[in-house]
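Listed after this line are the structures, all set down as structure tokens.
Each of the two complexes below includes subunit A, the first together with subunit B, the second together with subunit C.
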Partner chain A sequence: MCQVDEDFQGQLEHTEVPSISKKCVKCKEKTAVVVIRAGDTYCRDCFREYFIHKFRAMLGKNRIIFPGEKVLLAVSGGPSSCSMLSQVQEGLSQNAHKKLRFIPGIVYIDEGAAAGRSVDDRKTAMAQMQTLFEATGFPFHLVPLEQVLDLSPSVLVMAPSPSEQPGSAYKAAVDQFIQSKGHWPPRPQDQDQDQDLDQASLPDIQESHTQLLQQLMSSTKTQTAREELLSMLRQHLLVHTARTKGYSKLMLGDCCSRLAVKLLSSIALGRGAQLAQDTGFSDSRYGDIITVRPMRDYSSKEIVFYNHMFKVPSIFIPGLDTMTADKSSIQRLTESFVTKLQADFPSTVSTIYRTSEKLQTAWKGSCAADVCDTCLLCLCALDTTVENASAFQATLISEQLSQTKPPETSSAINPNLNPVQSNPGSALATTTGQCCSGEGECGKKGGGCCSSPRVPETTDMRSLLCYSCRQTVKDMSSVDHLPAYILLEAQRRNRRSQMREQISEFILDEGV
Partner chain B sequence: MYAKICLIFLFLSRGGAELLFKGVKEHHVTLPTQSEPWDVKQLLVWIQRNLLKERPELFVQGDSVRPGILVLINDADWELMGELDYQLQDQDNIVFISTLHGG
Partner chain C sequence: MPVLCSSCADKRAVLKRPKTGHSLCKECFFWAFEEEVHQTIVAAQLFKHGETVGIAASGGKDSTVLAHVMKVLNERYNYGLELMLLSVDEGITGYRDDSLETVKRNQQQYELPLKIVSYEELYGWTMDAIVKQVGLKNNCTFCGVFRRQALDRGAIMLKVDKICTGHNADDVAETVLMNVLRGDIARLRRCTAISTTSEGDGVVPRCKPLKYAYEKEIVLYAYFKKLDYFSTECIYSPNAYRGHARTFLKDLESVRPSSIMDVIHSGENLSVREGVKMPVQGTCSRCGYISSQALCKSCVLLEGLNRGLPKLGIGKHHRLHDKILSQQPLTEKEERKLKSVDF
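Entry: the complex of A and B
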């Protein structure tokens, strides 16, 4: 029955082709212009109403955005994020029924360096985006990806959320929020001040930074790893922008079709444990910034139709994966698989989407900053601390067995340490040998100060990463090209865990 | 007997499909006369032969467009018009929009 070259001889039922003069299923009067899902035909006005209503319903149902809150919209120029922008504009406009009540800001991240675009192309694109944003009247920020090289390691640390509130006590939470910081309606001087600062000229990009980024991208061997790395850097930069400019929520424009592809490709990449956060409506892995995906109920067809019919401006900017072949990366392959399947079976994407809705995170309570059981790169809970008989251990063992035996470097994995000082307070300064003092850069390449032979950095980072991030890093020829903030944070965490190991016998247990 | 010449405007609007057509978004096209009326299937073949500058597999797949590329005929979904069997009229407006990541 399920053979490769099965020939069905036309036994498959054909979906009934809607005829030309089909009426709208909602108002039953006007001629339909668009087919949504499997066979629902809508006329122009009903479609518009449906589209706008869905956005409001999504925000209203989830009750996560408070009135007066500052929300950062991440706009890439693509149809989905520009549609989100226009919905927000629509929702905040005076004549809207049940106005949305939050303060938006826009951020655009220019990834031209990673995609290998010329400086002129990037400048043109930035200028176009600037025109688009200026027309909305919201404060906006144009951020080149090069700024990721200047981030501080604190972006990788989960910050405590401003207040712990149960989901059901929404009204109480809103009141508390308004009392603590929000003002509604927004005071005019707050908004003007923001706008003055941000109508800046296009940011300049340093040539050296661009080259460093390009070096980073070319040091990854596979397109898959490159795309993962890019999306991680982008995410860090978004969170950093939100934190520094005082936004408490981040809105991403991922649509249903893209999320379905992301779900399947995440599973293929080993991110099964983090699916709920990667594809859910809200993602609270950063603690203080909550990522929200209000477009996740819209299929890409609906978005594209709406944009075309109602003239929503969007700009196409070629990215890292434009014009790549089907098999160039796991993400592309999954996308082509899902879209092809969707063409014949129109409920594919919605089925995958419904499955993703059922996923929930089992968050193990808030972690203190010191207890680093979150992945260094993606900030999700580590899924590698499992018992010995797990599938994960099996992959590790088979990996070890299939590699040629390295010549006695196993002893170098743990760099030689000084004996533990009796005073744990100064342990941090001395555990890593006489070479560092305080925040010294031990482990930096070429440093001959450590008495042990130079330890391959990949080994050092492995324990800090979740499974899929390990795979990504493994695909890099050298970890040293990663931006400084990642390396610094990795070293800091390594030092802390080494220190903790050494003073573990002095720590009092909770229950004792 | 259908000898009239069809004038069709092709807009490859935003989404990247225009990259395959050297960045030109709007094409005003006159199809050569032929005895049978033109339908969309033949139009695709014509486009592939005359307008598509590179990477045909990113636009056309077999008989039809690649899944993920939407076609609008006179601002209506082509599924409502009969998809590939729709017969082209004079001054028709055909729009191809790509919804895919990779092109």
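Entry: the complex of A and C
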């Protein structure tokens, strides 16, 4: 039920103004130095303990990381991901209570090309990140976004997961994992494998690749679509790096406040069906690489306090959305809305966050890689089945009605059209003279492909995308600027679906 | 160089559709708008031939347009429905009495029977009196809860089979956003449904034929058709929480016009994890209306008003329901908590 009232069960008789001369609420001995929420004052040591404990509890409660597993930490330089890095260091250090037992690696993706930064700025930033990473002693990879243009289409196909791992059989799964691949403690030769070239020197960036990326960004008309596209390319590159360097888990540093904003902006973008994967703790849409968000319980306030008090280094690197106006994109608008609302109603972020915990994805994890019911760009289940009386159907109808001529006189309309009996499907077909897909794009759906393979096909991607990715692509002036791997995969899927159409009456088992 | 209508390519376009961005002439727009409502009704199978349908009319733009479109479609497509107007008088001076005049005008224009039910006769309280007791912060709760019951009672008096309300796409999208902000998972699931599914003796099913019509398009339709309606905001609305969701939605629409439909699409596709506690529908032990608690919300609110404890009903007080039912007096401490009102 409504969460807002739950927080005020026992009414506060009078709110006390939190002051620094109060005692810590945990140990009740030392003076408090930090106020996290109204009424929660902590001393330095208790705060540190609380912070570290939360991280461990998050990992331990969800039991998803096995001992000896290689985990890739995606660090952007911002406070949240640097805090995550320091927590991992803390957890792996010798004197930690109940050490964490996995093998970390770090990756930093340089998005300067998309954000329009100069080459010198990017080189400085990369050098700074390199110094930061070298201090940790973990293997790291500095990857420029341009590498996304060299990816292969297989990154868009869900790889089969190693094995179905039910939660209750955690111990058995861990044993199996250790037998198959992992070793704990890690053997020296396992770790040296990754000391490869891209650590010795900063990766050089090809000028042509940079220009292609910039062209892609400028061909996208709205800032919203640009940010969506950038985050998708970044995800693909992260997954690719994880796969090629042998990591099986990916850790992202999204904090509670960020995730609340992401949840609301996802709803505004039409990603309701994929909310659980976008904002949940673990995301298994790629099959073999599982994305984990261990920082999701921390508010940005806690992270900043911790970083300041315990001198966690972080570097600010301007991105695509730095210094943009409030209304420039949906994501930016949501961020300013949530922050303002939080000032008036302090429980906003935590309420939104708790809503996200109650959601699940409608799609079951196991899906044969061939029957591609997943979106081409975001790899989530497609939510574009046109159900009766759905918002999606209404949008399609509106599109058609705005482009077709109304019947001339009332006699043209069948006076016996009984509302109960008429089939909405046939109504769609009769009101338009267009192709039966009813999507307004005729003739390009590869019909010419089989007969004349030489004709360069304008890749029709709409049927391969989920609702919100369709909106993103709609904002692009032309899909041809997308990286080659996306276009190739789109064409492949189109060809397969044509094949399927031709032989559909002979296929018995739908799941094959 | 005048822009031609994208539909008939014949006449000059006089407006741009907020929903799709196409430029249309008047007739094509009317046709498109009415046809969309018709498709919504048909696809969701909202009505059956021969039913009596009550149109919840407040005199505002949504209900005026709804009454007009329902009448037009009923004749054009031969739905075979018997239409009636149903209006609720909350007792807000300067707002509701003016809009009721509009409803009476509509009744004459469309020649539909009209029934007005008021809070005064149903509950013994007008909204003005309630606000004096409750203050300006939580009064929308009272109004909304009472209105729902009032509509049902009026519908039973009129003997209609269904009620249809003028909720438009903006309203549904705002509700989705508000429920996410409030963390109300149970309502989040139900709020995008186009018609209610609750059963019970005192309950009449209600539906929203204008669910996919943008608010701006409704205004455009009313403007070009020269429909008359009352267009002032409720005087108590500025402090409502919904205002935040509304401003946000308006901003979203200015960034990307399709966001309203996107939000509705998201709301329809949300799925809730198993094991999350959901309320179960039962009946109120005092008045028999549907309720998920022992006492229905309006009984609790009324009790609070009658006893001079305006905060009873705002916030969770399940433990007190039994006390109220058995007529026990509340303790000193409880009374103090419930009385405090800040303006």
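Heads up, the rule we're going with is that the second predicted complex is superposed on the first by the 425 of 512 C-alpha atoms of A that agree within 3 Å, B and C clash if a C-alpha of one lies under 4 Å from a C-alpha of the other, contacts with A are read in each partner's own complex, and residues count from 1 in each chain.
Please note the rule applied: contacts are C-beta pairs under 8 Å (C-beta built on N, C-alpha and C of every residue); 3 or more make two chains touch, one makes a residue touch a chain.
Keep in mind it's a predicted model, so treat the numbers as computed, not measured.
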item: Partner chain in contact with A:Val33 - subunit B first, subunit C second, else both or neither; value: first
item: Partner with the higher number of touched subunit A residues, subunit C or subunit B; value: C
item: Partner chain(s) touched by A:Lys358 [first = subunit B, second = subunit C, both, neither]; value: second
item: Partner chain(s) touched by A:Met309 [first = subunit B, second = subunit C, both, neither]; value: first
item: First, second, both or neither for A:Ala343, with subunit B first and subunit C second; value: first
item: Partner chain(s) touched by A:Ser152 [first = subunit B, second = subunit C, both, neither]; value: neither
item: Doubly contacted subunit A residues - partners subunit C and subunit B; value: 328
item: Residue numbers on subunit A that touch subunit B, as the complex places them; value: 17-20, 22, 32-35, 41, 79, 257-258, 261, 300-301, 303-305, 307-309, 314-316, 318-319, 321-324, 326, 328, 331-332, 335-336, 339-340, 342-343
item: In the complex with subunit A, residue positions of subunit B that touch it; value: 13-16, 18-19, 55, 58, 67-68, 70, 72, 75-77, 79-83, 95, 97, 99-103
item: Sites on subunit A touched by subunit C in the complex; value: 1-6, 8-9, 11, 222, 224, 263-264, 266-273, 275-276, 327-330, 333-334, 337, 341, 348, 351-352, 354-355, 358-362, 383, 388-395, 397-399, 401-406, 410, 413, 415-420, 422, 424, 427, 431, 467-468, 471
item: Touching residues on subunit C, where the partner in the complex is subunit A; value: 6-9, 17, 19-20, 22, 24, 27-28, 31-32, 35-36, 38-45, 47-49, 76-79, 176-177, 180-188, 194, 211-212, 244, 248, 251-252, 254-256, 258-259, 261-274, 276, 279, 314-316, 337
